[in-house]
């Protein structure tokens, strides 16, 4: 017994030589990726085409790894899905399934140097500034037609051309719609997308706002950064408008307050206001309600739904709560151990779940309106995606495990136009003309 | 040690037969938050403010509420992890709130707790075996010779593998850690286990495992649970009785069926409707509460819920509702369920209290008045030994001044 | 707020009272007595009797005990019995409360005047070196944290940590040896060249003399301040709100110099506030090495020679500065960090 | 597809052993983890500075504790043929006696040390004396080794006693709170308000009439007395924060005895911080010892310590013309402080999970 214990424990720990090997590999890998990042990237390298023009974001075979001391954590291990424009996509999964890392990869916010986007692409359709030969933005000037019928640029008193204002009160520049691959994009270029085209709402409203600046300061910052040529007065007006939009009763008062003077729900509203400030095309909400109470959660979800209609954007909602997804999402992506195991419309996933994990997940959650003596439960634990074998990761916990499951990892099988699943149970049921 | 328990229990045989397994009467826990110059507390956070309930052996009481409602504090105060401010706790007929700390320590194995955060509640530098077994050894629940076997048996019961015995808690996932916590509690052979949000930090698939395990252990070991959670569906699944708390007070209490099928309190209704349902077709008619939960340091007057209540009436802002049995075994604290007489009584009581407060203010004003007069007189006497007409005049003006003051003084307590 | 400050001041008075007791008793226990040392030669030469000395000692607040040794020669020593020291202490405390700090045995002047007159130079040196420390250490610390384990981080850290590890006297002597004695670039000590220069020339002369001590003082403390900045910055860099700032699209410079810096400042301010005693109290060893007639050197001599009133006053002065420094640190904390509200 | 749901339902609920009905290899167990010791070691060795620090420390220790075994000279053995012990005694007191100075013999000794040809031996660096000899003919290099022995030993002894005191008093204050806390913390306040250097000066003067080794012990005592408030503060703070942790509540809930709560739950959790503060403290103790030595107030001058060796630098003749006498000691002190700081910083990063990247 005791000997057995010792053996088990030994098996459990990394040996010194293994650890050394890991460290060596990690430092080599990290050095490689960091070098890659420092390289100058020409725009041609990251401008691509969308597979489907209806989408706003397409993830394709994304791999994001963390090079940790206990080995390479394949947090995102070949994820492919897309977010159609104007829709809400819910990404569900348990802790450590890579859903948050997927969203951070989209923002290029994976904690470097240990975390790196290794391969794959994240295509995003963005409105980028058109640049002239010198790399400067090209302004759009106010024009008028003079008595001769010629179009002329309007000049101000000092004789300088007047730049046309956009809807937010800033200067208007020539834009072009580009599809960029965020996984290959340099951070420099990424900065003009962050906060302007994609905005993110984080899980912890308590720590996500800088404690030493006022709410107003933190809101204005975004406006001043992304809306060029906007006046101080206009920025403040815009910030207060946003606070009003997210349902804060006393926006002028909150504008002057510090984060610690607000409750969790209020702070999350402020976070949403910050996200909305530049009318982004996509809002990434990483567990926006997990830290909140149920009644406050209901308020925030209500608000998110409300806002999506107003700004005409898309939402990528990351959560572990099936209820939240069912309520919010049009499309659902279920992740397990760094992989997408099933995806489809909300109806597909909730009415007709296919993957044993999805089914188990839904049944193991007690609900208020159902009665059951004993809950269904999935045995075992969520694996830590280190050193994964090449067979279905859910195999050991699966009740429907077949012999085939010991074979290589099953690919995504498209069972209907919208519904795909990665499980051998449904082999042969795929629709060909997807 | 076990004999000792029996002795203690038989010492008071009469109440033991009358009382339920666990009775809580008017339990209060105030945390001091403000201090005066000499460090004496002058401002309190009323985390638990007069909670009462009874619990039969083998039953499970679910406590629901949002953060800051005092549910965790209540659990901890019950086990005297915090000092009780006032109120009584009867455990198997014995008033444990009156015991000395040293005596209560001997009773502790009977009442155990499972904590919310499986990461923070395990001492990081002890092995799993040590964590589970150390208290059992201290309370001599197990012989030294059978110690390891006993711990392994408890571990097996909680779904932990034997080779975990010598590992450290940080090597485990949340679910396994929670199992360790449960094993630690059960190793002491308790009768009452307070589960303080045992599953809220866990993944859904793991939650189900833990809940099933808790239910099975209850069946096998005859445990009594107080299950504290913010998750209504979990509470519904596991509880026999349910209590709903809001800002330190119990707003509704009853059997599970009566609470879920015949919800009375508007807060409970809102709470139920706020839970998202994993079904995209169900579009619930949701009651969305306005605003945030008020701070328990400064709770609203009258009914504490009136600031967010959609059925708020005029009376709610002024008078706190009675906590009363609306139907059999179903308690609720809401003016909606008052009979006409009850409302009248409450109004009368309120008037009475107001009158008393006013009288007090009057008295204060009078005192002020006399003080003023004597002060003035004193001032005069210092200058002049004989009371001159001048002094009288001064006193008169003081009187009129004081009378003017009286109005002001009276106004203060009203606000 | 006012209540908080009053309470803190009352506590501080209690602490200062304790400090004064300990210091006075220790000072009296020193085997050296300035007055006695001064008059002993005269007694040995027979110009003075022990009784005379006893009367003089009384004036200075001491009690002389006279006795005969086995040869019958008259001898005397200071009465260091508990009672005598206690009386002496009460006398000192009473005078101290009334604002009379006493007369220095050595200089025969009121000690507060001595301290006030010598403080200027010490403050000047410390202040300039503090400024240098801050402007060098803080940016370097932040830069190091941003490149944690990078080349810049290693080089800077090794360099400044090494400089900080030098004991002040060692560094001081090395600097004197190389820059003053071997190379002859700077004078090896003192405040001026003794040429009686005035005006700008005089000031320049003084600066020229003070460059080395300032250099030593700066070098000695830069490392720890830098290290402290670095550690705190690292902590802030891992915070969630920094990720939020990046998600807004802010440039790395803006993230660091607005969001990170403001938060790093919070602990730094408290550290800076606690340098107060050093700022006014002089650098004892450095001043001694460079032979600068500042408060540190005066105090050093007083302590070594047993000039009790001066030593007492100096130490109480430092203790008070320490107390004020901590109070100031707490108050500053509340100023820099909006979350902190001072209460009991 | 609806039947899928039903099928699994009919198999229903796993009972009893929750972990055992897994199919094939358990993936959760597949990921190996670092053992607790390895985790710390890993983080410690990640920083090159801590490695350098550790190496320097090892070199210093070997140099001080093993070095003398290989040296042909001893700390008390000179090469000046005609020296006698009386002379040594007299010349050693030269710097002090200068002030008292009333008797002829001493004046003579004073002359010898300054002017006699023996003096030339200073700085005579040759094959047998790596760093030359001092005015008494002692081999400086060997004395450096012996000095290291004393300085490092003082450091270790002092830090141990100081930490014990600090843990005891800080622990009492933190655990019991109320008046115990008030009392101890006021004492700590008072002690930390007294400026260190002046206090050391006063105390050294108090013990000025002691010339033998016992002065060393007094000095160690003083160093302990000055050092413990810092440790006490640290321990108290740690205990106050640990006391609020859930695992302490759990310990209370289990009805554990006070001693078990303190020694099994609290103390092991503050040991990392203590080790860090001890390592950093060692550096500062060595520095204080050296400062006292430099000011001629430390260990008796006959004892070789780094501090005593460096005090020669205070005199301009030695400073300017014989750096071999004091430079070595200075470098050793600097290296020791630096190394302890590096190791301490490395340990802090290793123990503190917040710092990990």
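Letters A, B, C and D name the chains as they come in the text, with residue numbers starting at 1 for each one.
The criterion applied here is as follows: a residue touches a chain if its C-beta (ideal position, glycine included) is under 8 Å from a C-beta of that chain, and two chains touch if they have at least 3 such contacts.
Owing to the predicted nature of the structure, the values given are computational and were not obtained by experimental measurement.
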Furthest chain, CA centroid comparison against chain B: C
Which chain pair shares more contacting C-beta pairs: A-D, or A-C? A-D
Centroid spacing, where centroids are CA-atom means, of chain B and chain D in whole angstrom: 50
Calculate how many whole Å lie between the centre of chain A and the centre of chain C, each centre taken as the average of the chain's C-alpha atoms. 55
Shared-contact residues (touching 2 or more other chains) in chain D: 13-14, 18-19, 28, 33, 357
Multi-chain touching residues of chain B, meaning two or more other chains, are 171, 173, 209, 212
Chain C, residues touching no fewer than two other chains: none
Could you pull out which chain D residues touch chain B in their complex? 13-19, 28, 33, 36, 245-247, 249-257, 260, 264-265, 268-269
Interfacial residue positions of chain B with respect to chain A in the complex: 66-67, 162-163, 165-167, 171, 173-176, 203-209, 211-212, 215, 230, 232-234, 236-237, 260, 270-282, 286, 288-289, 292-293
Contact footprint of chain D on chain C as seen in their complex: 11, 14-16, 18-19, 22-23, 26-27, 29-32, 148-149, 154, 157-158, 161-162, 164-170, 173-174, 176-177, 181-182, 188, 227, 234-235, 238, 277, 281, 284-285, 289, 299-300, 303-304, 306, 311, 314-315, 318-319, 322-323
Hey, which residues of chain C end up touching chain A in the complex? 239-241, 243-251, 259, 262-263, 266, 336-339
Per the touch rule, the chain A residues reaching chain D in their complex are 11-14, 16, 18-19, 23, 69-71, 111, 113-114, 337, 352-354, 356, 359-360, 363, 374-377, 379-389, 393, 395-401, 405-406
